[in-house]
Structures are given as C-alpha cells and as structure tokens.
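The same subunit A turns up in both complexes below, where it pairs with subunit B and then with subunit C.
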Partner chain A sequence: MIVSKKEIPSFLDKLISDYQVFAPVQKGSYTLFKQICSGTDAVLDGGITKLPVKEIFFPQSEKLFSYNVTNEGAKLEAPVDDRKKVVFGVRPCDARSLTLLDNVFNNDKYQDPYYLTRRNNTILVGIGCNSPASTCFCTSVNGGPFDTKGLDLLLVDTGDAYVVEPVSDKGKELAEKAGFAAASDADKAAAAKVKEEAVVSCRVNTDGLKAKLDVNFYDPIWDRIHEKCLGCGACTYLCPTCHCFDIVDDAVDCNGCRVRNWDSCAFPLFTLHGSGHNPRSTNKERYRNRIMHKFKYFVDNFNEIACVGCGRCIKNCPVNMDIRVVLEDIRGSEARLDS
Partner chain B sequence: MKNPYLPLPMKLVKNFTETEDKLIHTFTLQYLSEEDEKSFSYMPGQFAEVCVFGKGEAPFGIASSPTEPGFLKFSVAKVGVVSTALHLMEEGTIVGVRGPLGNYYPVEEFKGKNVVIIGGGFAFTTLRSLATYMLHPDRRGDYGDITVIYGARNPGLLLYKEELAAWEKSPDINLITTIDRAVDGWTGRVGFIPAVTEEVAPSSDNAYAIICGPPVMIKFTMPVLEKLGFPPERIIMSLENRMKCGIGMCGRCNVGGKYVCKDGPVFTRAQLNELPNEY
Partner chain C sequence: MRMQKLAAQIKDAAKKLLEEKKVDLVVGFAEGSLPLRGTPLFARTPEEADKLTWNRGCENNLANYLRKREGKVAVVAKGCDVRSIVALVKENQINRDNLYIIGVPCSGMIDRKKVNQLVGGKDVLEIEDNGDTVVIKGKDFSETARVADLLHNSCQDCRYGNPVVYDELIGELLPEKGEDDFAEIKEFEAKTAAERRAYLAEEFSKCIRCYACRNACPMCYCEECFVDCSTPQWIGKSAADIQDNILFQAVRVFHSAGRCADCGACERACPMGINLRLLTRKLVKDVKELFNAEAGVNMEDKAALATFTADDPEPFLVKE
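Moving on to the complex of A and B:
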C-alpha cells in the first residue's frame, strides 16, 4: 500500500475522530510526542523526538489512585486510561523500546494495569529512518532503521509518498480501513532502495560485552569510567528503556492521591536507606549499576539488551559522555565510531 | 487485571511502644472485613507496603504469623516520614496495607529439620513470624529442634517480651537471649551474637540457620556458622533495600539482577554469594 504525503493530514484527521492521536510536534528547536487535534500539526521529518515515546504509556508523572479516608474506611478510585490511541510517526528504536519495557511492566509476578492498558489499546505507526543520525547505533543493539519490532505499521518514506507495510493484524486493519492505494512494483522497489541506502554508520561492537560484565563488577575500570559523569540523570530521563520511578503522596490530610514520577538511578537518594546506609553511595556504584542494568541484568532476566541505540543520551549529555565509548572501553578495545 | 498499587484499608487498633528507647513501636492492624482478610494470605518472611494516607508508604516485614488470624503486626523504627507518622498515629485510624509482597522463609524445606534462628536488635520481626508459625500446635511436629538466639544492646531493646517470656518456659523451643553488657537483674547471657552463637554451638547436622540483624552482626556471625558446618545453601537471610513499588518495576532495590522486593527478600547465603554486595 502507498499513501502520498499530501494525504497524511486528512488521514490523521480521520483517525482523530476515532482515536487519541499522538504524533511528533514542533516545540522550539526539537520535536516531542503530543496528542494532536489536527493532522497538520504532525511533524514527520524531524528525526527522533527529544523525549522517547515511553511517556505516552508511562507518563513522567501519573496519578495511581485518589483516596478519601476517614476512620470508617477508605474510598479509593483508580482510573485506568483505556482510551483508544494511535501513535503516529514512531521511530523503530522507540517502538522496540516498548517491547523491552513490556518485560518490566508485565513481569513474572505482577502486571502494571496503567502501562499495560495503554499498550493494549494503542496502535503504533512507525516511520523508518532514511538518514540515521551520527549518534544512532541501533544496528549494534539488535535493531535497525527499518526494524518493525513493536510496530503495527511501518511507513517507508520514498520522497513524495510513504510505502505502507503492515506488520501486525491491528496495523493491517487500520491501513485497510484507511483505503490506501495499492503500491506498484516501482513503489516497492523504491522502498527497498531507501531501506538499502539507509546506513547506520556507527557500529559499536558488543561481542563479548556481556561476558565481560558477568565478571567485572569489582574491576578497577569502574573507578575511572564514571569520573566524567555528573550524575545529573538527564540520560535516564531521555532513555526510552529507563523505567525507574518513585511513588509519592500528594494530599491535604487524608484526601489526595498517590502519584508516581520518573526517578533515576543516577541520584543518591534513589537507594538511600532510612538508616542512612546507602548501597550505591557514590557515583561509581550508580554509573556501574546503569551500565550493568542495561547490558547485563536485563539480559540475564529477559534475554535482551535494554538499549535500543537511539543516541539520546549521547546527544544530550552535558559533559559528552558517550555510551558507545564507554562500552568499547569496557570491552577493552578501542572505540570505533565510524564504519 | 489486579491492580498491585491499591492498598487494603485496615484499622490501627494498637500502637504499642515496644522498646525502652521508644524508637520501635509495634502496630496491630485489623482487617475491615472477612473478605479483606481472605484476600491477604501471607507466609512468614513476607513484607508489605504500609501507607499513611497523606504521607506515603514504606515497606515493613510482617511480624505477625499467618497462624494468628484477624490482624497483622508490624514493628517499625522511627526513622523517616512514614514511620514517624505511624508512631504518632492514634488508634482507630485507617491505614493502607499493600501486599503481601516478596518471597518467604522456606518453611516446607525446614520440615523434618532442626531450625536455628539468629536475630539481632530490631531485625527480629519476620523471625518472630517464623518462630510463631513453627510453634503453632498444628505445625510444631513438622520440625525438629527449634533454637532461637536473640540479642540486643540492652534488655530494654529486646522486642516481644511477652513472647520471649512464654518461649522461655516452653519445652518446644530453646531460647537464648543475650545483651551486649551486663546489667542488674539480667538472667540471660551477656555478649555479642557471634560469640554467643559460638558458645551455644548449635549443631549444623540436618539443620537450617536463619539469620537477621545489623550488617556488622551478620558479618561476624557468618564465619561462626561456617565453622559450625552450615553450608551456604542452609543459611537463610532476609535483605532490606530501599523500595517503592514492591513489585519489581521501580528499579531501586536490585542487588545485581535480582530485586529484593520480587525475588527476595529471603535469599540463601549461596544465592547471595553469586550477587554483588550492593545491600
């Protein structure tokens, strides 16, 4: 199937009548996923958004329930957002990050109803990356600029039009309902050519990284590797797979709500005991935990690396920490940032 | 989908000052209905997130035993916002309890075995639950000898004095209490837990050791247990780390790849030997 770029706004407008539609919108110099009211608001050629798509499913601040408590009992109300949603213009790395987060919010023992209800009610329409940025390294962590994992539909930008490739049944249904025209052989060939020409030039060698992390918890390399890091936590807020959160009460006396907010393993308070003891008391332990969590613990638990190679942490670090260099350093080899 | 974030409202029926220094209170919470009680089925060693509405929630080991129906007990040190609010709370107030959470002491494995319980300071809460569970007349026959070695800085800091007095007289349990320095009127032992454990020298034959206490006590008792011949697989410990969600999602209580909340808090020494020492 194929849809011309000119038709996209009217296609989105139609979706808006049936779904909450989220798409990248311009905010100053960058784009962010926001709910849109008009198809013309969507900015689809702005590269990856500043914040990852996770915030639609796991908002930075979210009410878990409200309460009204007296000595007779407690009235609790937990609204779970089950509105139908379409997220339009997701990049493959972000889509893949959701499949990783699914492991966390639907673990072997517990289900998070807030995240999972949103996930189950959302259709993800992706756009492949014709020209990956210099900070992108998705192909080093099992992804790719046209990877379809986690997506329902993939759009391939062929210039004036998008070639539409259904991935899931949900996506196929959406595309059929939209009445997109059939793609000609020439269109398909153009899409194939775009995919072939999209090159992620940066390659981080992760061979043997996990084996190294399995044994190097006490290695002196950790004394050195964190030194530049300020512990500001920006990378954790911008990371599509970081999922740490805090739970707090927002209340006047006994009427109020319990709220969860994004939190960060980069902060000392994150693990501080009531006694004053802190198992990760310095930046060294905290930086090590972040690397270990993504490249060892997550692999141990879910068989996947918890990094999708989006490069947000590289672009936005105030002191230019580059996770690619850190990983190469850990592997004990020279960093190679170009192919 | 069951919402794991929703607490069960319970009534605080007793706010009891447990220790002489007044820093530990024991809270008895009553279920508001029979259905509520049925919905909260727990085992010794599990914990719960107790919430003071308006202040927040914090994780505490359950000090009561499932063999004591009708209520839950928590012994809480006054250290932070939630625990301080609890300490100040009037009886009759509604609090929230979310759980039970985490795994529990392997009481099935203990069957037919001798059990040595070693506790120090106020880390005796889930050990009380465990001992009470095993001492229940319906269950006592399942276990061999039960030895409890329990120490505190001074007699006034020992928890659960009523139970200790009853255990002292009971033929079903061998209770050894100790304090750090001698005081008038004290009839138990004097000395630190590691030394007293070495003196008592419980046999490791067909036995499990369960140990909870401050890190320094654990550190020095561990070699004693090893000397007595307890293999790491039969030394059971319960960890604490800062927690929020209690269900393996919020990311802070991990020790290596394991979450204390979801994969613990009960671990064997053998399991901990495989993990980094971030606790």
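Moving on to the complex of A and C:
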C-alpha cells in the first residue's frame, strides 16, 4: 500500500474522530509526542523526539488511585486509561523500546494494568529512518532503521509518499480501513532502495561486555568511570528503556492520591531506605547501577539489552558522558574474569 | 590555530605540574565524542594529561568538580570557571592553597543548539574552527558561520572572559568589554505580572525535573537539596505540576543570589531548552543594582549577601 504525504493530515484527521492520536509536534527547537487535534500539527520529518515514546504508556507522573475518607468510610477511585490510541510517527528504536518495557510491566509475576491497558489499546504507526544520525547505533543492539519490532504499521518514506507495510493484524486492519492505494512494483522497489541506503554508520561492540559485567562489580574501573557524571537525570529521563519509578502519596487531610513518578538511579533519593541507609550512596554506585541494569541485570532477567541505540543520552548529556565510550572503556578494562 | 596553540600550552603546563608532583590531579578538558565538544578530563599522570585539549566546546564549568577535594589539584579554568572558584573559596568549599589555577582567557564557547538551528536540525558531523568563523559540515552540506553568532548567550553577555585570579596564564589576555546592559532582563521586568507569569508557566511546562541545571551549577552544593528531602517533603515530586517546577527553580535561583557568576552552566545543561538565565540574571542584575556587587570578581569583596552595611538599600521594605 502507499499513501502520499499530502494525504497524511486528512488521514490523521479521520483517525482523530475515532482515536486519541499522538504524533511528534514542534516545541521550540525540538519535537515531542503530544496528542494532536489536527492532522497538520504532526511533524514527521524531525528525527527522533526529544522525549521517548514511553511517556505515553508510562507517564512521568501517573495517578494510580485517589482516595477520600469521610464519616461513611473510605472511597477509592482507580481510573485506568482505556481510550483507544494511535501513536503516529514512532521511530523503530522507540517502538522496540516498548517491547523491552513489556518485559517489565507484563511478566509472570506482575501485570501492570495502567501500562498494559494502554499498550493493548494502542496502534503504533512507525516511520523508518532514511538517514540515521551519527549518534544512532540501533543496529548494534538488535534493532535497525526499518526494524518492525513493536510496530503495527511501518511507513517507508520514498520522497513524496510513504509505502505502507502492515506488520500486525491491527495495523493491517487500520491500513485497509483507511483505503490506501496499492503500491506499484516501482513503489516497492523505491522503498527497498531507501531501506538499503539507510546506513547506521556507528557501531558499538558489545561482545564480551556481559561476561565482563558479570564479574566486575568491584572492579576499580567504577572508581573513575563516573567521575565527570554530574548525577542529573537527563540521560535516564530521556532514555526510552529506563523505567525505574517511585511511588508517593500526595495527600491533604482526608483526600489524596497515590502517584507513580519516574525515578532516576542518578538521584540521591534512589533506593534510599527508610532507615536512612542507601546501598547506592554515591555517584559511583549509582552510575554503576545504570550500566549494570541495562547491560547485565536486564539481560539476566529478560535476555535482552535494555538499550535501543537511539542516542538521546549521547546528545543530551551536559558533560558529554557518552555511553558508547563508557562501554568501550569497560570492555577494554582488565576486569578480573577469574574472580 | 589559536586554539591548537592554547591546547598544546595547557598540555605542557599540566604535564609539568604532574611530573614535578606539584599536583595530584589536573581537571581539564579532553576531546569529546561529538563535533566541537570538550568533555571534562581528570588527569593523574603525565600520560593522561596528554589527552588535554582546548576548543570552542569546552563549555562546562569545572569549578563544579573542585569542592572538598583531597590533595593538590590543578584546574584549567576560563573566566567564568575562575569566578565560581573565587566564590567557592569564599564559601570555604575550595582551599585556595591546594588549588593551582591554569587560567585561560576565553572569548566564548559555541552553542550546539544554535548550530543545530542554523542547519535546520541536520546531523552535524564536523565543525571546523577557523578563528572568527566556523565551517559546519554534514553528509550533504557545509555551511560557514560567524563564531560571534553561535556563542552561548552567557558568553555573549560575559564581561569576565579573562580569569580574575590565576597561578599561570595560558595565552594572552583579551581586551575588556563594555558594561552588561541586561537588555533582555529589563524587557522582562517591563512586562505586566500576568505576562511574566504566563511566560514562566510556558517555559516551566517544559521542565522534566532532571535537575541537570542544579547539578551543573558549581554553587548548588547543598548536601541535601530541598527538593530531595523526603521528610518533610517540601515540594511535589511530580513534574506535571508547573507551579512546583517554578518553585524549584525560584528557590534555587534565590539561593544563588549574590553567588551566581552567570556562567550559564544551568541553561547549557538543560536538555529541554528552558530559558533559565532569565531568572538567574534577574538576580545578578538586582544584586548589582542594590549592592554594586558581582560574584567572584575578586578575592577581597565579601559575598554580597554575606555582609552588611548600615546604608544598604532596603527597597523591599514597604514604606507607609
């Protein structure tokens, strides 16, 4: 199937009557996923959004329930967002990040109703990356500029049009309902050419990384590697796979609500115990946790690296703490593999 | 060329200090991983000092890494770094006797956000520094721009590119600039309260509470920041509340009144592009107007809010 770029706004307008539609919109010098009211608001050629797509499914602050205590007793309200959504213009790295987050929010031990309800009610329409940025390294972490994991539909930008490739049944249904024209052989060839020419030039070698992290928890390398890290939460909040959260009660008198907020391993409050003890009391332990969580613990638990190579942390770190360099330093370090 | 020469001189100075064991550590900049990006470097051996460099991307305020250090430390410091160092020495956070300042006169650092804007967000692969101009290069483009147009706002406003204190100077002192006119602050002050409130609400709707501004600031060093205190909880933890975001920044800014050197580290660190210097500079302007004081411009003056004279203006007292 194929849809011309000119038709996209009217296609989105039609979707808006049936769904909450989210798409990248311009906010100053960058784009962010926002719910749109008009198809013309979508900015589809702006590269990856400043914040990852996770915030639609796992908002930075989410009310889990609210309560109200009166003489008659306690009343509890736990709204779950089950509105039907379409997220339009997702980049493949962001879509893949959701398949990684699925492991956390939907596993044998726990199913998170807030996240899962949104996931199940959402159709993800992706746009492949014709010219990956120099900070992109998706192909090093099992992704790719036209990877379809997590997507329902993939659009391939062939200049004036998008060649539409259904990935899931949900996506196929949406495309059929929209009545997109059939793609000619020439269109398909153009899409294939675009895919072939999209090269991710940055490679990050993760060979042997996990084996090293398995044994280097006490390695002296951690004393130095974090040294320039400021301990802010820019990398974790902008990361599509970081998912640590903190639950707080916001209450006044007899009314209150329980809120789930994004947390960051970089912060001093992270894993602070009620006793006042913190097992990760300094920046060293916190930075180690960030690396370990992504490249060891997540692999141990779910057999996948918790990084999709989007490059947001590289572009936005205030001190140019580059994860590619850090991983290379760890790989190159003389970790005591025998201990 | 000038930059390469400075880089070589910095390297030599640092190596000498380490070889002669005059210091245990040199804090400076290494070549970063992005075009024209310096990244903080901690060199403890002459070999490590070989990685030191100097370019228009050495934008971080290294004073941030110098508080409560053990042993003798040398730092490669621009004008703004030195002002923060001076302010921190006065607050007993840095022991001047244990710090060796390799001062580097600075005519400004390049703002990558401005570079990105100039090339319409295209992927920049290289920035060639030709002195007064730079050539920004990408896959299918190459654009020449004036350095002066690409400097950080803080660098354009800066009047202290020359380090006010140093143990060794690299390169030559730069000509002095005229007075800062605080034009954009005056413009903001002239707005109505409702307009100001609306502007701040819009700016702080972008805040994600990552605290990069606070952590990049050399003067933000409270052992426990009020936003991190959990018993009691002074401020809501959710970033969805714009009022809380403003409250956080307002308290931070008031706390740095008379201490802020207007280095712009907060604004440069902000991943969301919030106009943070509007607030910090309002306080810098107020302190200058009220007390004729600027933070960290010499070793002698006491910090404006740490001293008192009987004729201090008190315009905040409402006269009946």
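Assume the second predicted complex is superposed on the first by the 328 of 339 C-alpha atoms of A that agree within 3 Å, B and C clash if a C-alpha of one lies under 4 Å from a C-alpha of the other, contacts with A are read in each partner's own complex, and residues count from 1 in each chain.
In this text, a residue touches a chain if its C-beta (ideal position, glycine included) is under 8 Å from a C-beta of that chain, and two chains touch if they have at least 3 such contacts.
If you're wondering where the values come from, they're calculated on a predicted model, not measured in any experiment.
Superposition model on subunit A: subunit B and subunit C are shown accommodated side by side without a clash. In the superposition on chain A, contact is made by A:Leu238 with subunit C only, not with subunit B. Of the two partner chains placed by superposition, only subunit C is touched by A:Gly47; subunit B is not. By the touch criterion defined above, A:Ser17 reaches neither subunit B nor subunit C. Once the two complexes are overlaid on the shared chain, A:Lys228 sits against subunit C while remaining clear of subunit B. Between subunit B and subunit C, B touches the greater number of residues of subunit A.
By the document's definition of touching, of the two partners only subunit B reaches A:Thr271; subunit C does not. In the superposition on chain A, A:Asn303 contacts neither subunit B nor subunit C. Contacts of A:Lys109 after superposition: subunit B is touched, whereas subunit C is not reached. Put simply, if you stand at the Cα centre of subunit A and look at the Cα centres of subunit B and subunit C, the angle between them is 90 degrees to the nearest 10. Of the two partner chains, subunit C is the only one that A:Asn320 touches; subunit B does not reach it. Between subunit B and subunit C, the smallest C-alpha to C-alpha distance in the superposed model amounts to 6 Å. In the superposition on the C-alpha atoms of chain A, the part of subunit A touched by subunit B in one complex and by subunit C in the other spans residues 246, 248, 272.
The touching residues of subunit A, counted against subunit B in their complex, run 64-65, 67, 69-74, 76, 78, 80, 104-105, 107-113, 116-117, 217-218, 243-249, 251-256, 258, 260, 263, 265, 270-275, 277, 279-280, 285, 289, 292-293, 296-298, 300-301.
Looking at the complex, you find that subunit B touches subunit A at residues 1-7, 9, 11, 32, 51, 53-58, 77, 79-80, 83, 92-94, 96, 215, 240-242, 244-245, 247-257, 262, 276, 278-279. Residues 27-30, 46-47, 50-51, 59-61, 131, 133-135, 224, 227-228, 230-234, 236-238, 246, 248, 250, 259, 261-262, 264, 267-269, 272, 314-316, 318-322, 324-325 of subunit A are the ones that touch subunit C when the two sit in their complex.
Of all residues in subunit C, those touching subunit A in their complex are 32-34, 37-42, 60, 64-65, 113, 116-117, 121, 123, 125, 139, 206, 208-212, 214-216, 224, 228, 230, 233, 236-240, 265, 268-269, 271-273.
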